[in-house]
Structures are given as C-alpha cells and as structure tokens.
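These are the structures, in structure tokens.
Two complexes are shown next, each including chain A; its partner changes from chain B in the first to chain C in the second.
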Partner chain A sequence: MTKAERRELQERQRAAKAAKTAAGPAAGTPTVNVKGGGGGKLAQPSTPASPAPKKGGTSQGAAQAKALAAAVVTGPAKGAKDAKAAAGVGEDIVGSRGLRIFSHFALQKTAGHVAKGDVHPAIVRLGLMFAEFKVCGANARCIATLSVFKQVIQDYVTPQHNTLSRHLNTHLSVQISHLVSARPMSVTMGNAIRQLKLEISGSDIDLPEQDAKDELCHKIDNYIRDRIIIADQVIQETAMKKIHDGDVVLTYARSSVVEQVLLEAWSEGTQFSVYVVDSRPMLEGKRLLSVLAAASIPCTYLLLPALGSVITEISTVFVGAHSIHSNGAVYSRAGTALVAMMAKQHSVPVVVCCETYKFSEGVQLDSFTKNELAPLGDRFSSFPLTRPRESLTLQNRPNLEILNPLYDLTPPSSITAVVTEVGVIPPDSISSIPLALGRQMI
Partner chain B sequence: MTSASSRSILTHSIPEHEEAFSPSFDIYEAYQRALTNPEVRVSPYPSSFLSDSLHKISAPLAAILSLTELITQSDAGTMFELVKALNDGAEALKKRVHNPIGLNAGSELFIAFVTLFPHESASFSELKTELVRQGQIYATEALLFRPKIAELALGFIKDDSIILTHSYSRVVMQTLLHAHKRKRISVYVTEARPRGLGIKTCEALTAAGIPCTVVLDSAVAYVMDKVDFILVGSEAVVESGGLINAVGSNQMAIIAKAANKPFYALAESYKFHRLFPLSQDDLPTHNPGILSFSQPQHHLTPELVARPSVSSTSRPALKTSINSSSTPNTLLPASSVQRTMTDEQISRNPDVDYTRPDLISLVFSDVGILTPEGVSQYLVGMFAG
Partner chain C sequence: MAPELYNPASQRLVEALAAKLRRRQVLGSRETALETALVLRQVVSKARFTNIHQLVEIIRDVGRKLVEAQPKEHTVGNTVRKLLHHVREEYNNASKGTVASSSNVFSISKFVLQGQPRKQVTTQKTESALVLREDDPDDPDSFARTLKPVLMEAIQVILDELETVYENIARSAKDHIHSDEIILTVGKSHTVETYLISAAHYHNFTVIVAESGPTYGGHDMARSLSAAGISTFLVPDSSIYALMSRVNKVILGAHAVLANGGMYAITGSLLAATAGRAHSTPVVVCAGQFKLTPLWNLYHEYGALDFADPSSVLGFEDGDLVDTVDVVNPYYDYVRPDLVDVYVTNDGDHPPPSIYRLIKESYDDEDNEL
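On to the complex of A and B.
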C-alpha cells in the first residue's frame, strides 16, 4: 500500500504540473502536453515513426501526433470534455483519410495516461487493466469496478465542513472519469454506478462515517450478488431447459453466462454438442473452447466465414450480450448480429442470455453511432506462437488504418427470446421489464 | 436423435404418489370431477349465459378448482407448506394428464395468486378459507370471459363474412353463435384429424342455422382464398405471444400469412401461460416418441427401406398405407382398401402445435384485444413483478 501511495503522490504531482503547463499558452510551450489539463494525459516522448511494441501492439504514434496537433489547434482545453472533443477534431484534421467518420469510436488508450486529481491507486490499476483489456466483458468489468469502489469508499475520509452523502459522489466522479478515460464505460457499469450514487446521496447524514461506509459496501455486495451472481444462476437454470438431448448448440465468441449454461446443462447429463463460432481480432472463442473441451463437451470450432455451411445443423443459438436496448436490440460482440441474422434466415431460434441490469434506456439504431475499437492484435490467443505475435497481426501504417469495431447491434427481429432472471421474454417486451421491476431497480 | 425413441411414450401417465398433501385426497379425481361436473350450478348468473357449449369447463379452471379443493383438504399450517402442497399437487396432476398445457396455465395462475395474496386474516385456516373462496369466485367469474370475448370479436366480424376455423373450440363456438345473432356469417371448419372435432363444430353450427362446410385439413390452402379471416381457439397463449392449439393451427397460420389473411386467436386470460417454446420440439407435450421413425419389421435391403413403394413383398405392419401404391388409386374400388392410420401411427403424431407470434394478427381475450407483443407484456407484468 505504501508503494501505491507513493505512486499516487507522484502521479498527483505530475498531474499538477501538467495542469500548470496547460494553463499557460499551450500553443507556444515546447512541453508535449497532449490533452491539456482536462484529459490529464501525457504523451510518451516517442517518435511517430517507431511504435513501441510493449504498448500491447496498439501504440499509435500517429495518434499522439494528432493529439499534439489538437492541443496546438485548440489551445488550452477547458475540461475533460473539451479535451476529448479536441482530440477528435485533431484526428480529423491530421488524421487518416478513410476513417474520419469513425473518429468518434474511442481511441485506444495507451499505458501512458496519467491520473488527474485525487485518483485512488486501485482505480489507476483498474484503469490500466481496462485499457489493456485485461479485464474485459460487461459482467467482469462491472464487478471489478464495484469491488474497487468498495476499497475507495473504505479509504475515503470526509473532508471537514462536508458530509459523506454530498461529498463522496464528487470524489467518486473523479475516479469514474479516470476509468472512463481508460476505456468507455460499459452500460453495466453505468447502471451500477447510478444505483450506487443514488444510495450514497440517500445515506443518512447522522450515521457515523464508518457505519455509513460499511453500509454502502454492504449495498454494493448485495448489488453484485442480486443483480449479477444470482441473476446468472437463475438464467443458467432457465436457459438450460432449452437444451435438449441431441441438440446442436451454436454460440459466438465467449459469454460468461453462456459458458455457465452449457457447462451446467452438460453436468445435468444432457447430451448435446457445441459449435463455437469465433472471429478475429479477439478470438475469444478459443477460451470458451478450452473450457468446454476440458469439461468433455463435444465441440467444433470454426470462424465466422464458415457459419453458412454449418447453420443448417444447428438446433439453437445461444449468445450473451453487452447490453440490451429498450426496443429489444442487443448490443454485443461484433459478429453476433451476423450469427443471429443467419440463424433467423434458417429458422434457428436465437436465445440471448442477459441479466436485467444490462438494460439500457436508450434506443440505438445502428452500431455506428456508438462503438469502441477492439484492441489490435491477437491478445487472447493461447495458441503457441512460434513467431512473435506482432508479426502476425496487421499494424496501422501510413496507408493502412485498421478498423475493428468491438460491438454490433442485433435487431430485435432476429432474436427469438431473451433469457433474463425474471423469465424468458420476447425482445419486443423488453421495455416492460423496468416497469415490472419498478423504476429504481434498473 | 431418433435412437432416443426407445423411451416409453407413456412415461407421463405413470402416477407417482409421493405428495406432501394427505394421501386420501386424489387431486386427479378432483380435477376430473371439476371438468365434468363444474360448480356452474351454484353460479349467481342467469343460466342464459351458460349455453349448452359450456357443459364442461376448460382445463385451467378445472385445475384451479381442484387446487382449491386441495387447500380445503390440506393440513398445511404455514404459507410455505401450503405453496409446497399446491406445487406438489399441480405436479401430480400434470403427470396424470395426457396434455398438461392447459391445466399448467391454470395451476400456475392460482399458485401465483396464492403466493401474492395479502394475508390479513387472523388465522391461517381463515386465510385458507378465503383463498378457497377467491378461487371459486374466480372460476365462476371466468365463465363470463367467453361472452365478453364473443362481444369483442363481434366488431371484427363483418356482415357476410366467410370464416375459417379449426377443430372445436368452445370460445370460438360462442363467438360464432353470438355473431350469428347479429350478422350473416358462413363458416369453413377443418376436419382436424385424428379426433375429427371439426365435424362436431359443423354439426353444432348447422343446428344453429349457420352455413357450414367441413374441409379437409389438407385443403386449407385451397380454401384460404375464399375466406375473410381465420378464427381459432387456443389451448394456451404463451409468453412469446404465440399460441398452442390443436395440431394444424400452425400450418393454417402460415398459409394465412402467405395469403395475407388475418389470423385471430381467441383466448381467455386464464389460458395465458408462462412458457416460451423455441420450437415445436420445445413444447412440454413433446416426447421422443412423437414423429419417431418406425423400425422396419423385416430385414430389408436399405434401398427398399428408403423407397417403400418399390416393395411388393407383404409387410403386415405397413400394409394399410402401402399395399395399394403399386396400382393407381383411381382404379381401385374405394371400399377395397382401408386407408386410415393405425392407432400406433396416430400415437406418433403430435396433439398440439405451436404457432409463432409473427403469424398471429390479434389475440382476443377478456382483458382486451391484444397484439402478440401485448400478450407477452401482459404476462411479464403479471409474473415478473
């Protein structure tokens, strides 16, 4: 902890310095201050021509140059949002020819970004793990965030002349914006954080500080238990009943819930086989494959282009979800829509396993308005590689920019059923779930 | 998959007696009694509502009545015990009945009602009496659902309509008879093999003075151009908004969709069932015996098995259906060949099928005229909350 504290202090000093330099005339300063004070991101002094491979193969010297240009163009940024916008603008100006319209997809954050303000060391650590896709997946990220927030709350001391219920939220906001700067927030995190903030502002002023903190931590534990862990168990039990003897189940990429459903159904003695469909660049299906194969479930592994030749053999398609919109559209790993539409075309039922806390209020009409970029490179491959990993993957080059959207949107028309902890429901009726559960639950 | 067919088809009919409630009480008997001899006699409503088509009450209501009887018989002292006894009772009942979908819907509704019923009574026995009373009141009131549906559907029946219906359904009968009082209608009804209930419908309608013609199940596509819309009853309406009904409804809905004719389903709200079949195999009535392939009796060469029409050797099991195939049918006198399915062949066929929600135009129910999505939203609101 002492090491972390020291690091925190160091980082705070650096942030303060960065803020100071940003306050001055940024255009004239020789300091490479990428995002001004707002973003709190210091660029590594690396030349644009030589990307450093240790940044997970995602190093973007060009991006830094663009960001630098942004700082030059827009001058001192006023806040985090300005800085973000500025980065986007900068990319447009300097940026590559073809992908200007995708500039709003979040930029890959490299390990170099520095915390701004009073950021808890555990948050810094989590931010790095998010940025590096070490923690990935809607449930995993939400649980990780909430667990770290427990630590943050326990280490928090209410300043004088202030109350916990009023001040803790602002303290948390700093942590959250740090996490968001590492990787855009998932819908699950958003829902959980909204609930947490509600609990904080509702906590009793007269309660001793430690008691209030313990109560909040207890509430966080309950949230994780009720909305994620137990919900997953209920979903497993429900979805399992949809797998019958002799079925051929198809799944795409890797969803923790689907994995559990398949394992559970197998341990109950149902005889079925699984087709794991996978796709570059993440190749997450390999992990699922290894888990299923270890449980001795008969599996077949194939890549997305081969889907057409096997789809006629499939009895049911099971997929997970990142989030689900109120019109019933499912936002999930890129490629899911393709699988679902293909299955729909061949009258194969498509079942989405999704907890109710993944429900998103908004309606999204395509996967273009909001998306993320997948990390470059084959990060999740556990396959033994004889050549260095970088040589196998494409890199951004002057005339080549790689676009790997992380998610896509499956329209409700190609989904048969959504398995939630409150039952199996058709996608059209998703909007009635928050009403049935009561507003405050979501 | 077919190798699993060796399992007994009749497993569901084997009774098990391990229930938590008093062994002297037989819920199946109570169910049968409720089905055949309902409490209609004590109904406070004028008997004109209860036309002859209501001699028997439907399975969900019979299930509710038999469960109320179970409450009176049960010695449960707590809510937990009572709900457990009810669940066990419903389970026992399910095992005894050939097609449990309808009664499942009823017992599910009643158990949900018992679980959510606010306890204000002083003692538990009082609460039980209250629950029994509520159950019986519901069953009595539910008899009014059909006239209500008939009234709702009337607005959709234009004068001089030609209606296609399937098999025999009490709510459809009531609707048609009700419509006949005000409008001129004519009805095509499918024969609905193997039970041939369409003939019963035709007889009842003709007796009431409605022009009615029985059509073959295989002639649905032929008759589809002539009809204005399709009206079917239902065994259950499921959470997807789809329909479970006598086999043949699904193909009727598909043809109706292809011909752009509205397909209306009539369902009392106690038939709304918390179930989500993904496909026909996913229905609770499905068992490995349904649609399994029969093993050839004689050891024939594979080609002969694959193309039975070539075979001229005598094969007693398949005689009825195949014997004549070498000769053109028209040359045979109709009486010389019995071309009917054997009981064994019929037993390999499903009783009910599942109609997808996108094939259904509207569901008429006592809670209103709903779209299939509306049904699922209603169900989510009823059970998920």
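On to the complex of A and C.
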C-alpha cells in the first residue's frame, strides 16, 4: 500500500467516524448503525456539527471531522456510502458461509479499525503497519512494539491523584488493545508486555516521574538487547557450527535468525549451498533469496510442492519459529510442518532457531486452536506473471472461500533440535527452559 | 522398421502427433491417450500387412515413435500396448479359438503368470466366423481384409473406454464419500473433479482444494467444484499440514500408475499423501485404467525427472535474481505405494499391491518395451 492509499484509508475512517458522531445526536442514541443508512436523519441541516469526535481525535482530526461533517450535511448519502463500503469489506470476510471450524481464526480487520480511547499516534501508526503486514515477523513486531512503547512512556503524564506504577499499566492496556485490534498479538509481544507490566508495577513509587520513565525505557532497551539481539548472536554462533563444508542447507520462508546464521556461516568461509523453499500466501522466501544471492551464496529456489523431489539431497533443514510450546511443538509460518515432516521421513535433521523469549507456556495440539489468516487476494501473494490474473480465483464466491492460514504447528516428533541462546536442546526438554532461566524471566 | 508398410498419410499423422507431444501441445494423460488411439485407428485402417507379425510391427513402430517423442506421457505407450494386446487376442481367438477357450482352466502357475482372468474385454461372438489366411500368395490382402473390421472394433473399445472413463470411475463415489466429510485434494484433476461432483448428488460435503503452485490449477478446480454446488475452500499448499487434522479423506488424481503400485502425480501430491499418512487419513487415488503403466520407478529423486518452465516459479520480474539462482520446477511427484490406500479405477477399487495384476491383464509382457 502506498502512502497515498494509506492516507485515503485514514480519510475514509475519519469520514466514517464523523458520520457516526454527526448521526449520534440526531438519532438520539450514541451507537448508531452507520451502515443502516441513516441518510434521512443526517439530512437535517439543523443538526450542528459541534460535537467534535471524542478526545481520541487529534486536533487535525477534529478539524477535518468538522469539515467532513459539513460535507455530510450537504451530501449525506456519500458519507454513509463510504462508511458502508468500509464496513462491507469486513462483512464480506466475516459473513463466512463455510465451516464453523474455521470461524474462530482471527479475521482481518484492515478497514474499520478506529482508534478507541486515548491511543498514542505512534501506536495508531504501528497498528496500521501491523494490519498491512508492513511489520511482520515475531522479532520485528516485538522490537517495534517495545520501541513505540518507549515513546508512549516518555509522552505519558501521570494524572493527578495517581501513581505511575499503578496508572501506566492501564494506559498501556489501551495501546495494547488497539494493536491487538489491528492484528492478533504475537507470543513474543505477549511475553515482552508481560515483563514490561511487571517492571512498571514494580517501579519505585517515590522515584521522580521522569526518572521512573527513563528507568523503564532503559529496561526495555535491556530486554531488546538481551533477549533478542544478543540471543540472536549466540544462536548464530551455535547454529553456524552445524553447517559444514559441502552441506546443502534447506530453509523455508524467511526467518531473520536463519538468514543471519547462513550469512555468518558463509562469511566465515564455510562452503555450502542453500535451498530456499517458498510458498504462498506470503512468498517471503523470495526476500531471503535475494539477500543470500547478494552475498553470492549458491542458492536454489523452489516452491513447496517440489520439495519431495529435492529432499534427498539435503543435509540439514534450518527453520525459524513464531513461538515454541512447552511440549516442544513449534508454531511457525504455514508450511514449516510439511518441510519438517518430509525431512524427518528422509532422516534429514531439522534444526529450529528460536530465542527463549518465544517460549509460550501451555500446549497447543494442532494448528486449529489458534491461527491467523493471511489477507485475501492478490496484494500479498505474487502469482507468476505467466498465469493470467483472470484465470485465478482471488475472491470469495458462492460456495467458494479462500482460506490462507498463516501458521501451522510442527509436532515435536519431526524436530531434531532447537537452537536457543542457552544451547542446543531436544524439543522434549523445552518445558525445562523457563524453570532453568527462572520463571519470572519469561 | 518397415516404414513402407504404412502409407505416407499415416506417417504424416504420426509425425504431427509426435511433434505436438514433444512441444507439449497435447498435455494430460487422457488427451494423449485419445490422440494416440485416433492416430492408431488411421494407421491401422490404411496399413497393408499380410500376417500378424507385420501388423504388430507397424503398431509397435508407431508406438515407439510417439513414446520417444514424449516418454513422460505414459498413456501413449499404454494405449499402444493395449491395442497390441487386443490384436493378439483377436488373432488368437480367430485362428485357434478352441485352444484359447481351453486355456480358461485355472491353475496357480497360470494365475501367477497371467493374472486372474477377470473378464474378456472383447466380445467373442464374431470371431468364429473369421477364417484367417496369413501370407496367402494368391490374395495378399485377405488377411488384412478379414482382420481389419475386428481391429477397428478393438480400437473403438479403447476409445469408448476413454470416453466413459470418468463416469465409470465416479460410479463408486457415493460409497467412498459420506455426508459432512471434509475432503482434501490437490490441484486440478478431471478425474477427481467428476468424482467429487458425482458424489455431491448424494451427499453434502466440503472440499479443501490446495492450489498447487506454480500452475495454480487448484483455482480452476475450486471454481468448477463450487459452481457444482459443493462447499469449497481454496487454500495455499503451505496449509496442507495445518488443515490435515480435520480432513477425513485425501483424494488425488494420478498421472500414471506404476506396476509397483506407486504413481506419478502432480507436484504437491506427495506432500498431501505424506501428511495424510502422518495423520492416518486415508489417501484415495482416482485413476482410469489407461493410466496403468508397466514400468517401475527408477528415479526416486526428482519425481519423474521432468521439469517445467522455471519462469512460473521465479519470473523475469525478479530480474537480478534470475542470473544467480537455480530454480527447480518439477512436473510430477513420485508417490510411493505405501502412501496410497486405494486406487479407484473404472474397473473397481484396487489396493496398490494388486496393481501389477491389472497390468498383467491389460497388456502383454512382450510389449513392456516397445
């Protein structure tokens, strides 16, 4: 999405909001059904546009809303139609006719998520980036969230008759629920936020506000450094030793850690080649491929269905993870389970690179209990140009639904080892890691 | 051998089909089988021969040319083998009908050698009337004249089988698929499509179609299934494993079924079959009998050693990558016999270990190498 498009989306959302607030007093109820088309009521020119959007709106937003409200008075149908169009996108997806077993998958709400309450502008921006998959990947999302939270904390002013250690958490909760409304929270974010809240509630009540804020920001920096950046470096060094001269390494999709491992191993002078396996809906492997090819590592690129043909040539499989469960099951990009299964069948070791902060307590039994859907359509999926677009099905039709699960769960039985910053461990021993680290760390 | 035995017009037909096969203008196992049968009909109707050996040699020669043009379209060879089998059968029936009938005596050795005599494919009513005179110096055409009508009939049988193969396979669909089941299939297969649509007349079920990159044939499949009123989900290949825990049955199409019970199928079939096995989900393969191939898979790696155009995987729009990166895009997967539970054919359901018997019945051993 270009800047202009994003801007357009924002405008539309503002228009929807303005229409809602303008319709509010006329209808007499605060929650008016916008798509119900209260056009007739809106047409009353006597209704003043004075009730500016709630405190959530920025000053610019308020001004714009006023202007738009005026526009609504002159052409009420258009505003309502815009809002309807915005809502319609969501409705199309939500109104699933298909099986109910898929209905709980987190659904995309790209249009129609409107900032509720006191949401920091940086959070709104981040929310949009999450929703548009501009920031994608467990590590990237966690780092982005924490960095923005530093900004939020610095801009935060403790209200009167309240203390930072008590009130900041409620303030952050509003920000978090906004982010979650954009895209379900990743396990990494959950772990980091839990840690942050623990730090906030534990911060000294007598500390001057600015000092307390600085200390929190410092702790966030430490968390990013220790649990992600240093951890990645340790994993790189450990995993690198598993690549030997003449090896053929296979990887699926794109993991930032695996990418670093391969680049590092190559720069150390190990001679190996890489098979990059990729699949829709995200086709992230292409990005990894261009990075590896730029480093002049010999690469072979293939789509997931071709895996069966090449698996016999592979020495080791390296994959990343979104999170890892206490039974050793790895929750990762959809397709990882297939790669691990095929590798296991051909006695190829499967190595998962995963920082300890991705550990998630509890056990997930299959990919159904928790999953996300990748967005519909063409935007995130590059189909080959050799195939005409018209011959592809890119939209839901009667009896036909397009379903793009984003994650799948690799059972521990098809994983050989997990490389973490505390060492290489078999998947069965994952549950002991939080205990070894001290439970409050996770 | 002996190209003068069939006339230039037939030769041109054979060359034309060979060129089309080589350029992959005729694709798909049924299309190629049909084209082959049509060419064979022309060749046989124009051919001049005075004894059975010449006739067999003519047909083999055509077969060899076509198979060399495109060794990966196994149904071409199969059609030729089937015709040869029919030719010999007709000839044996006509020349020594009484001997042939006496061979119906069962014995274990015969059972092992020839497979179970399931049914006579050809009708036996006219044969007794034929009097064959091979190599008659007075009337060299007499042999051809008497045998040709029967041969035409045999080719018509082959063509009819190809015409009705989908319907015949689909007959058992309602017994295999039940209400509220979730079926997973990969890519586009006409056989599977007909099978599912026929089952939809009796039951309500859901089909998950993996789109099977880089051809994305699953899109066409999903469209035609949903148009037939079947509740359809189109998913990327990557989610096969994720969804498999809810799938009741995996139904696949085949490109060729091999003598050991394994098969060549569109890429992605191996993933689906293996994932099905990992979840103990039955794997059903729908394949017409014309896909039975008396070959053994010699190349376990690289599927059928047949590669498609890499530009559909990594297009020239990724210009700077194209030079530096290898791209692999195989046409087919080899699926081992232990991953398949049953082959649904137009001649009933068969487990993979009994495929060799069907092959023994359909073709003569001496034709395995054309």
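One rule holds in what follows: the second predicted complex is superposed on the first by the 325 of 442 C-alpha atoms of A that agree within 3 Å, B and C clash if a C-alpha of one lies under 4 Å from a C-alpha of the other, contacts with A are read in each partner's own complex, and residues count from 1 in each chain.
Please note the rule applied: a residue touches a chain if its C-beta (ideal position, glycine included) is under 8 Å from a C-beta of that chain, and two chains touch if they have at least 3 such contacts.
Just so you know, these numbers come straight off a predicted model, no measurement behind them.
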Q: Judging by the criteria at the top, classify the pair chain B and chain C on chain A as clash or fit.
A: fit
Q: State whether A:Leu303 touches chain B only (first), chain C only (second), both chains, or neither.
A: second
Q) Among the partners chain B and chain C, which is in contact with a greater number of residues of chain A? A) C
Q: May I ask you to decide whether A:Thr316 touches chain B, chain C, both, or neither, giving the answer as first, second, both or neither?
A: first
(Q) A:Val157 in the overlay: touching chain B, chain C, both, or neither? Say first, second, both or neither. (A) neither
(Q) After the superposition on A, what does A:Asp428 contact: first (chain B), second (chain C), both or neither? (A) first
Q: Return first, second, both or neither, reflecting whether A:Ala295 touches chain B, chain C, both chains, or no partner chain.
A: neither
Q) Just chain B (first), just chain C (second), both, or neither: which does A:Lys242 touch? A) first
Q: Identify the partner contact of A:Val363: answer first if only chain B is touched, second if only chain C is, both if each is, neither if none is.
A: neither
(Q) Please give the nearest C-alpha separation between chain B and chain C in the three-chain superposition, to the whole Å. (A) 18
Q. Which residues of chain A touch chain C in the complex?
A. 97-99, 101-102, 279-281, 286, 289-290, 293, 296, 298-310, 312-313, 333-335, 337-338, 341-342, 345, 366-368, 371, 381, 383-387, 391-393, 397-405, 407-409
Q) How about chain C: which of its residues touch chain A in the complex? A) 182, 186, 206, 208, 211-216, 219-220, 222-223, 225-227, 229-243, 245-246, 266-268, 270-271, 274-275, 278, 300-303, 309, 311-318, 320-321, 324-330, 333-334
Q: Show which residues of chain A lie in contact with chain B when the two form their complex.
A: 242, 244-246, 315-316, 349, 351, 416-417, 422-426, 428-429, 432-433, 435-438
Q. Mind pulling up the chain B residues that touch chain A in the complex?
A. 1, 4, 239-241, 274, 276, 278-279, 281-282, 357, 373, 376-377, 380-381, 383-385
